[in-house]
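Per-chain numbering from 1; labels A, B, C and D assigned in written order.
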Amino acid sequence: MNAILPPDREESTAERWARFRPIDGAEAYVDSLRGRAVTVYLFGERVAEPVDHPVIRPSINALAATYDLARDEPALATAHSPLIDAPVNRFLHIPTCPEDLVLKNRMQRRLGQLTGTCFQRCAGLDTISVLHSITYDIDEAHGTRYHERYLAFLKEAQRHNVIIGAGMTDPKGDRSRRPHEQDDPDLFLHVTRRTERGLYVTGAKAHMTGGLNSHWICVMPTMNLSEADRDYAVVGLVPGDAPGLTYIYGRQSCDTRALEGGEIDQGNAHYGGQETLVVFDEVFIPWEHVLMDGEYEFAQAMVSRFTAYHRASYVCKTGLGDVMVGAAAAIAEYNGADKASHIRDKLVEMTHLNETIFSSGIASSHEAKPLASGAWINDEMLSNVCKHNVTRFPYEIARFAQDLAGGLMVTLPSEADFKHEEAGPLLAKYLRGRSDIPVETRTRMLRLIENMTLGRNAVGYLTESLHGAGSPQAQRIQILRGMDLPRKKAYAERLAGIDVIATDAGD
Amino acid sequence: MNAILPPDREESTAERWARFRPIDGAEAYVDSLRGRAVTVYLFGERVAEPVDHPVIRPSINALAATYDLARDEPALATAHSPLIDAPVNRFLHIPTCPEDLVLKNRMQRRLGQLTGTCFQRCAGLDTISVLHSITYDIDEAHGTRYHERYLAFLKEAQRHNVIIGAGMTDPKGDRSRRPHEQDDPDLFLHVTRRTERGLYVTGAKAHMTGGLNSHWICVMPTMNLSEADRDYAVVGLVPGDAPGLTYIYGRQSCDTRALEGGEIDQGNAHYGGQETLVVFDEVFIPWEHVLMDGEYEFAQAMVSRFTAYHRASYVCKTGLGDVMVGAAAAIAEYNGADKASHIRDKLVEMTHLNETIFSSGIASSHEAKPLASGAWINDEMLSNVCKHNVTRFPYEIARFAQDLAGGLMVTLPSEADFKHEEAGPLLAKYLRGRSDIPVETRTRMLRLIENMTLGRNAVGYLTESLHGAGSPQAQRIQILRGMDLPRKKAYAERLAGIDVIATDAGD
Amino acid sequence: MNAILPPDREESTAERWARFRPIDGAEAYVDSLRGRAVTVYLFGERVAEPVDHPVIRPSINALAATYDLARDEPALATAHSPLIDAPVNRFLHIPTCPEDLVLKNRMQRRLGQLTGTCFQRCAGLDTISVLHSITYDIDEAHGTRYHERYLAFLKEAQRHNVIIGAGMTDPKGDRSRRPHEQDDPDLFLHVTRRTERGLYVTGAKAHMTGGLNSHWICVMPTMNLSEADRDYAVVGLVPGDAPGLTYIYGRQSCDTRALEGGEIDQGNAHYGGQETLVVFDEVFIPWEHVLMDGEYEFAQAMVSRFTAYHRASYVCKTGLGDVMVGAAAAIAEYNGADKASHIRDKLVEMTHLNETIFSSGIASSHEAKPLASGAWINDEMLSNVCKHNVTRFPYEIARFAQDLAGGLMVTLPSEADFKHEEAGPLLAKYLRGRSDIPVETRTRMLRLIENMTLGRNAVGYLTESLHGAGSPQAQRIQILRGMDLPRKKAYAERLAGIDVIATDAGD
Amino acid sequence: MNAILPPDREESTAERWARFRPIDGAEAYVDSLRGRAVTVYLFGERVAEPVDHPVIRPSINALAATYDLARDEPALATAHSPLIDAPVNRFLHIPTCPEDLVLKNRMQRRLGQLTGTCFQRCAGLDTISVLHSITYDIDEAHGTRYHERYLAFLKEAQRHNVIIGAGMTDPKGDRSRRPHEQDDPDLFLHVTRRTERGLYVTGAKAHMTGGLNSHWICVMPTMNLSEADRDYAVVGLVPGDAPGLTYIYGRQSCDTRALEGGEIDQGNAHYGGQETLVVFDEVFIPWEHVLMDGEYEFAQAMVSRFTAYHRASYVCKTGLGDVMVGAAAAIAEYNGADKASHIRDKLVEMTHLNETIFSSGIASSHEAKPLASGAWINDEMLSNVCKHNVTRFPYEIARFAQDLAGGLMVTLPSEADFKHEEAGPLLAKYLRGRSDIPVETRTRMLRLIENMTLGRNAVGYLTESLHGAGSPQAQRIQILRGMDLPRKKAYAERLAGIDVIATDAGD
């Protein structure tokens, strides 16, 4: 286990920021991750330099695309920050009007189109968005000064153009017990010690999207807390290379294809997602980077507002959906089947489902409401409706894509066979479709569809769509809470002539 | 057949408007429909005074609710008209920003909640909305002065606070033939004669929602037209009591329950929809009320823009959906079953589907675009997506409502039996559910659900949801046109390493 | 209330049967219902002769079709009864092999095709089927002689070729209370008195399908019972005209169209369903017609076996589904749209759904199991699966039918307007579609689709499909009980290498 | 290319059979595949001994399970063959009554439960089943003696207890061209030469399930043929190790996990499917093993009957569905969530869908019809309905399984990390759920669900369910052909009073 830091090792915020140089683009971003000496395990080995690992690199590329987009489409992917009076990457911009949220959604869809995977930066944005109002509200209630600290951190984050990751999901252990009731207190991340300069936390954050690719991790509670869980009510900012952190990389379907040498069988060789288990062993956080410490009664609001933001962020999947529609249309064309009415009809259905998701996400942004702090937040009902559609429609879209792909998608030999001197020519001869489409082109498109429906990015397109930002039942609970049955029953009773009209039938 | 009007009977626009007094509320609206001497057939008889007919009156009440709402919730149901510099009913207001369309949607949902039926005024609004830009565009192309005429008419309409009905759907006859190819030229409404003062039209408009309840009918083409169809390319305004008009009333499921004396079995005794076949026999339109005459090439744009507006108007069905959710929740409660997890789950699903419709409608309004005339129009893709969801989800919601209602909904004896001296007490004894809920209350709620899923307002909630503003396939065709496959294929090809990345794989 | 019968009025079984003459066909069946002096209320009036009532007659015709089919297709609709060594109507034949159940299903589908409605005779067959084994099992447990009585009754029923109705569903009152806990003891039918010659029952049976059209009503418990409910554990046979019975007729959507004079607007003028509330006021049953009296512990088995039979009987809806497919195909043809690929595709989908229902019903019959009494019973899992599909697919099929019908289905004027001297020619002119299809033909088909999706037979095709033989949740509970998770978990654990393979990994 | 065999190398059927020893069980089966010197490519290398290849072996194990089952459950997995008057593996038994097909379905479901994958033997059984009637019918038409040859082969196959693979799907090239119109004649397998002793074929068979694991491959046409395609109308039997054959192995999602050393991450380490491309280069077939040569007009019947058999064979997926239900129930239990009502409800839905598939498959077998040859064949409509449900429901079931699994399924670190001395204890600490369930147990179950929904056996459970035995549209075409609209339209017209009743309205 990690030795406790000696007091003189307890870093100040200035020392922490001193380790970062402002990032001016994708290349600088990739460089910024090098040489961090983080502890990372993958496939049973400690990874010396994650940036160069073939399995990890595509996930870094996906994040790098957020820098490229800020350069290439600044109207979409940057915003003017009043905090530092300068343009910042939109992933570091607090929404203060519906348009901010709408543009965020458009940017998310665009990045989905560009990467075909999870680009891992939304949860961080949604975290800083929710902390704007939560720190404000705690201060209002308790006279604390979290919001000031928050703004100070955010300004630096904007100046340095860093990636912030969201450390939210605790392992949870026995789900029938509250945090303080667990056999092992570490099953929820908690404060172990407080010193003059800061506090220490121990625990873990599971399913941490892009954890290893982030400069900062914001830890925060994963559920509502009671008074007895006070030490679990902690929000704080931790550099990704802080002492005491260990990353264990989550494997994904077909991940090792990246180790095989070729690129075709990967389907999408350039981009991938990343999920990590991040273990915190007595990790120090200076007070200036602590944004909640014991105000357990705000945990529920934090989670609820976070999901209002984050469930609308799943509109990103419509960008992946655009890729699916495009891939299905392309393979139908390569197969010479694109004129068939049932093929066109399936493409229409895929589009209809994809745009339905988009509409519920974008509507929740357009219908945003202001909070006391000045930040704006997505309409909660529509945001939940968006995410709930995301738990369903990508699966249907994926099935249609597989339908249009044809069975060859899962019976294709490996790239190496295509390149083999004896097998290759046979494949070239027999796997030819339309004579004007190279066999490799058809193969690549099939592998992309495999990638997104069974392979590495199926994790992002399907399973993450199901469970990210809360599993389907979590949305149903929120819809249940928000559906206001008394009001609707009153409509029905009035029309049925019960009470109101019964006593008022003269009109 | 109608005799041709003698020239001295060819009314001027001033004469026409002189027949109307400004309408200041629901009561005045109902009065305005009295004594019009229109020719109306219903159940094989000519109806002397439609306003007092028990079957027709509920449809008038539904329209009257649009006046009440303007009084009760002016922020929602009125708007400031720059044309007359005064507040007008929102159903007479041309949208000139997304917010106008958004508020229109909210008003539509509200009216759905208040009436539980089709309140018949949306198509008219969408007609005047589309004519703003179409008249403008024709003038730009042809140097005509339709837009000026249009504005003049609209000002009067706003001042008089009238109902405008949309006369769009021609009978169409043999669907494989164009208008001018039909055996009977009248199967599409067309110009038969032009005089110094105006023109004459003959034909019919089918499925005309609220036709009989409108002060003015705007006739317009129902589909794209060719040069040979030039006489069919006519847009004009006709008073609802113009000589030459005949209305034949469409019957609806359970319509005659309104004739039975009681109100319970009607389910929703106060409100209903209305569909009429309106026959035009040499109906005169003065030039000042002609807004298209021969510019056939604009027919397609007119239809396409009209559907962009009108398909989003189907967000009204979410108001009816709110009533369905409320009715289902109420009956579950009356049955003592509202705590069961499967009941709650079905209410959540109904809400989720209903809000999904809402989100696609409201999103298409938030994402509106401006046209050259200054009017704004719904995003076409999302508007089609909205309507396409409307062709599906109300049927599912209705099924859930019937599920929660229980079988009693379709085995309930008649209201007269409940009141019968011998049968009544038996029913009171045996149809009791929870002891604190009167049998009549339960009966009324069951009849409301029957009304909306099988009865009179099922026409509006279900079948009209399917076919109004175009049957499902019409939306699929629009989605097909708008789905931009080349762009999406390019996304997929890029990610699959085809072309772009193939030659650029070094990064 | 009904005076208690004087002891000398307590009929013997012989006296009861003496009132019946063997029925040799549909005509004799209709005659057998005449002059029975039953107490029937409909629309607030006592009906003098139900057979001649225009609303009631179509429901009698539907039952009469079961006699016609026995004449026209005896291989399908009759069976050899070993009890009387003669052919009997299959609706009176106890299944003693899977083939009996399969032929029953085929007959049910056929009658659905012929009547387009609920022909009301299945529940009676399923009742006598279940009583075969239940009386046998009670006798085995208690040494009673119910089975002998049962067989004696059944022989007479077969000889007289009568209709037996199932009186199962009690009103139930407050659903959170058991029968003996209700405020009003009559909310479940129960024994009030026992005499030397028989017993008396009081209560009511709700939703009784074809109640008024039956010669005999078999009363039986509707749910599992406890010892305290002993007096509610009664099964007995009651002639439809027994003293003390009152029928209150359930109204249906559009029922009064049968009173309007024409036949077109009825859609299906000849056939309809029937649901009645039957009130029992001290109704006498002689001991020889009592088949359970106090053996409360068999109530659950009775209900469970009844549903195993009856849920498969809902395969009848595939006959109605065939009519829907046919109607949709016909109207598409009349509209000139039958060649469109999306139309054909919808017909395929309707057929696919309909045949899926059929397959689950017929499979449950083919997979039948024998009971101790010698009767065979449907596979319970598949029977529930059949019914559960019936709660869903007819709604989808109906939606497709409405889709193909077009909006005219709900905007058509009344039959009387078509016949009106002025309105009629206008309708003939303007509602013409393909020139070779008479307007009346098109109208009739639209009215049939309305009838089955919104009108009178929508009750049978839709709502009864949802709630008959148990609402959806009832099937889910049975599926839950039968799904045998331990066995399936063992499959998964073995494949996952948990336990079994973990210790056996050498191979 | 393969040199043409010298005439003295043209084997006789006796020489061919002499290479096989009767197989008495799973072990002998595996041994029979050793040392065959077949040409196999996988991952760009020629595989020396496929039996020992870690990726290939699980697919052999799955086939071996068919031998084990014959030993363990002979009533299910064997049948008495009248041809050799001895019990044979049911996979070699020609169905001559519905019960044969029903037992086949039960066996298929059982093997699905036991292997959780495609056990690759159904297509071969369906091939010999269809050839029984096709050879018979050709003989009847042409006076040939194919049926005699067929029976002779089948007897030997039964005596030797061999695996027969179905070589059906040609590569097809440009799908808009018929076989003889292709640029490359080999894109459909065809006869290149005929000698005194037999004929030679060249071409390829794609997606050949279990190709490499079969002792014999039966080549046959993949679609209807015209006279000009006469040389493509060939059916013949080829030993799996015949000169001129080359196998190129299809890769599957996550296939290389079998190379990693552990077994946990494979999910189902013991069983897998297999798809191969089999290239035929001048492969000789002696006349006695030729069962069609030029009778092109029978190609369509062959395909159509084959699909009638084979589409019902997809009932095997209900066995995999049982595993999915079990796995979902198990993981819910391990997570401590199995009592939640929404969890139970999802398990019910999964079961309902799975049993719906089963019912349509088993129904098509129960409803089988006899052919002239004496073989029986599945009901074609229901068989297509079965397969069409298989193209949908497994995807829904898989989604539910992922839902119940939770997100951990796709963020789990690798087996090697669990075993790592530093990472392992951290994972043991933090991935604990219920304290009585070992972390490895939970991990294994999650990996099984991943295996079946994203990994290797997702190919068999999902994509093969979509495309095997014909893609969805192929079933829709068959349903279209079989749905008999004229009959159904007549039902509707009769009820609507069109024609029949119109002239017969007196009753």
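Throughout what follows, a contact is a pair of C-beta atoms (placed from the backbone, for glycine too) under 8 Å apart; a residue touches a chain by one contact, two chains touch by 3 or more.
Just so it is clear, the model here is predicted, and its values are computed rather than measured.
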Using the contact definition stated above, find the chains touching both chain A and chain C. B, D
Chain D and chain C are one sequence twice: same or different residues at the contact, by the over-half rule? same
CA centre of chain B versus CA centre of chain C: separation in Å? 39
Just the number, please: Cα centre separation of chain B and chain D in whole Å. 53
Touching two or more other chains - residue numbers and ranges from chain C: 342, 345, 476
Seen from chain D, its contact residues with chain B in the complex are 341-342, 345
Quick one: in the complex, what on chain A touches chain B? 102, 113-116, 263-264, 267-271, 322-327, 329-330, 333, 344-345, 347-348, 351-352, 355-356, 358-360, 362-364, 366-367, 381-382, 385-386, 388-389, 441, 444-445, 447-448, 476, 479-480, 483, 485, 487-493, 495-498, 501, 505, 507
Residue set of chain B touching chain C in the complex reads 41-46, 171, 173-176, 183-184, 186-187, 204, 206-207, 246, 248-254, 256-257, 260, 265, 275-277, 279, 335-337, 340, 342, 391-392, 395-396, 399, 402-403, 406-417, 419-420, 422-423, 426-427, 429-435, 450, 454-455, 458-459, 462-464, 466-468, 471-473, 476
